[in-house]
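Structure, as structure tokens:
So that you can tell them apart, the chains are marked A, B, C and D in the order they are listed, and the count of residues begins at 1 in each.
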């Protein structure tokens, strides 16, 4: 069970109590507000607050006195210009706050993004829930040989089953002992929470409030939605992209064109490109690039939209 | 004239267009939204957006699913606890955005606060207005002898008048030449804006959008509302305090008790305090503190609420 | 075994190869350089590089052209002044880099200090060592009743023994399964490293390079050396204090006086203090403070140096 | 006179006093240490300290125990890989500190890079020198028509002369009045320094100590060495590139290939590129890109190394 009865009620209560504001509001994002987007087996991402919209980017870039009278198309063109030329400060003028439930090993990758504010549920102060991430068989992939930090094909079903059994058994054993250590009843141990927690496995779920500005959110998405990112954090980045499109459609479109769909050619790659465009047949050996760089460049050139 | 007709209209248009939202709203801050608080002779500070309220601090600290059913007094007690123990991350969960008009020499102090987002009106791209800060006579104070970076008493009126005349004449002369250099009409010079601007004086007004979280806002206010801060930035900090009280009354009260009204005793001062409380008559010489530290400590002990 | 033979050799090689430099050097810190300070059962902290000394703080504050001719005592007085008045930027001018080995649950607290640079040993890319933190019996304390995130007295020896057995058994079981999942030999599973790691317990050791400036280092120490900080991170903060004293003795002395040994009285506490100094007998009830605040104030006043 | 006699002596004193260290040293950077690189008419940039070298990047990426036994070529390949895949944290492990003298209007652009530490010479506390930036005739360019924030051709010599005369006269007049206001002698005004400084023009020189890590330094250089950056800050970025090459040659080479010489193709541009490589004749109209984007893409493709 991802949410308790009372949590569902609390969320419904918030969704049922609109107020008036003079601030800019975004109906498409209001429609998503508070409701969890379910991810992995027990996780979620939900928007709990936001500030600003596409217009706020434009107003900040112009340091303007009001919403102005320009057309939506002019605003979108300015947003594209700002994105293309990496003028990042106007995008910092929008802010969003999420409540996220995620496995601890994902939380450890996530937190490396320092330009954000975080309040995590404290296992020094409170007791965690008995919830662990157990991957679906399709996600239980072999170690990649070519990429030392990646996955190859899924394991055969019976091997995957064996892994799931081990993961589940170990997590349950550790959690049961965690509870035993915490038990402060008659004959119990009553160990301090801050100590007992060290017995939990890294697939135990934690949760936090996480606030970030639009510029840094897009940076997070760009890095974590990448095919080389670990699947278990990628699903959160994909949910964020859905949120992004609802919240700031013009910025999201520019982001998809100039960041997600873009490729940076090095000076060396540009030289190869010039030779190719001049009609020369270039291959890895004659390119002067390393094998890996040549392959990366070719992949970008053969990419389909 | 601080605002043009059309700027006043734009602000009125924004104040006249409420929307519905499911986000928390703060009526007392909505009442201030968009309207400039006038400061110095041509400056202002106005709130253009905000996110969160006192409850948002509490919700983040508890990583909660909704607004909960606790009493306002319980929330205030938690906020006081967080403030006293410098648990700063829950205060980062609220955000505010200002539009500020201010003299350049004030902007140069202000920008030293790095934990904020800024978009400044660009004098590379646009032409600045003919507006300079000329202090009122009461503010034209002599250099302090005791404090190398402070002011002493106001100058005699006729001397103040002489200063104002100089400031005004130099600013006008520089601005007039700035316009002459920019003039790209028949027979004009047409100098690049990015070059012409170097001829302006540091009391010329600039403006920016400035976004900051509540934790860093309180840090800014604490440093800049201090009697040792320069008057010309202090007036902005005082306006922010007014905004703070309207926006997050519980956090503002805790801030005034634990930060603004507080004093930190060093280990050495605590030792002196213990001797005093034990009935010993301690003076500067016998305190073991430096003269300056002893004076600072005494000032704190004689402070009236 | 905390370090392998070859690691010890690598460290010795670095300690045996001095070079010449025109930069400021600190002999007392050079004496510590590279050598691990052993902490907990398998952890350590070692300095791998540093930049600046006490003079560098003073030079930055004065924006000076050289080391100047002032006396050491004048420099120390300026450092005390900067510390007392929270002029933090000159302290940012010194930098230090550590290599740290620490349990994952400690790493999770540590990383909340965002103003630092980190490179962690990657369990996506590499295989972790079979090393877990098992507390000594003296550290296995019961949950505190008065402080929801603290420890009370140590558990009785036989109960502590039971906890240690559980911690060890679970960590070993999880690590053994981790190895089984990773095994890519004949008949092995060969699971991707980024997946297998989720089966590890939170007391598994990790390691990282961590670089921070002096201002933020002192902030870290002040928060983590506090008696309310968890013991397992406090030992690292204490080792850092030893390093601090060797590196920048004048700054360290000011830090111990104005930060570590200091106490901040709120406006309300100052009012109580004034009544006490005027000879009034004040108790918790008549103080107007909350019970907790009154107790905290009293503790500070009764503190022994 | 850029430096006084005594400043030259202080610098010479520092260059004449080598010490021993166990830290990594970089002879090519030691050769530059402390000596000002002269820029503009009165400005300079000089390295006052540094930490780390190319190896430090590699050690952090590998979280290693020593300098290791890999070849220089392997280290360079890893540095190239880290740069290409934007793994920025290992580059944060090197740090450099500059002393910079620069016009105030340049300082205002510069300070927008927040990820750095700064101590500026305080005009609240001290009196500035009578030094202003007056551009050379070749730099006095007309406002660009196509680029609202750029320069076109140089002004005709007699017009440039007129501008220089105005700039010089206004700066001198303002500075003379600044001194008059500060004069606290018999019959003088004795205005507070923090007030008098507002009368200075934006081309007055200021100076600061500025410390930044290698990752953020490269970001600064990339943005400010760009042909679209203002000439007066570009000269500082160019001096930094010289320093970079001396300090970390492998990182500098990777930076020049993957950042400075690189171009990012958007999704839309990649589609056009694919059509071109397939032999289709594409022009601005048929490209589907905006005129500006098409022109930017073409410029990149026609760029010579």
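Simple rule for what comes next: a residue touches a chain if its C-beta (ideal position, glycine included) is under 8 Å from a C-beta of that chain, and two chains touch if they have at least 3 such contacts.
Bear in mind the structure is a predicted one, so any value in this text is a computation, not a measurement.
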> Which chains does chain A share as contact partners with chain C?
Replying inline: B, D
> Expressed in ° and rounded to a multiple of 5, what is the rotation angle of the C-alpha superposition of chain B on chain D?
Replying inline: 180
> Given the two chain pairs A-D and C-D, which is bridged by the higher number of C-beta pairs in contact?
Replying inline: C-D
> Which whole number of Å gives the spacing of the CA centres of chain B and chain D?
Replying inline: 30
> For chain A and chain D, what's the span in angstrom between their mean Cα positions?
Replying inline: 34
> Whole-Å distance, chain C centre to chain D centre, using C-alpha means?
Replying inline: 35
> Counting only residues that touch at least 2 other chains, which ones in chain A make the list?
Replying inline: 89, 112, 118
>> Going by the contact rule set out above, which residues of chain B touch chain D in the complex?
In response: 103-105, 107-108, 111-112, 114, 118, 122, 124-125, 133, 135, 139-144, 148-152, 155, 159, 162-163, 166-167, 170-171, 173-174, 177, 180-182, 184, 189-195, 197-203, 230
>> So in the complex, the part of chain A that touches chain D is made up of which residues?
In response: 77, 80-81, 84, 86, 89, 112, 223, 256-258, 260-271, 273-274, 276-277, 290, 292-293, 296, 300-303, 305
> Which bits of chain C are touching chain D when the two form their complex?
Replying inline: 3, 6-7, 9-11, 13-15, 17-25, 30, 33-34, 48-52, 56, 59-61, 63-68, 89-90, 92-93, 95, 97, 99, 117-121, 207-209, 211, 213
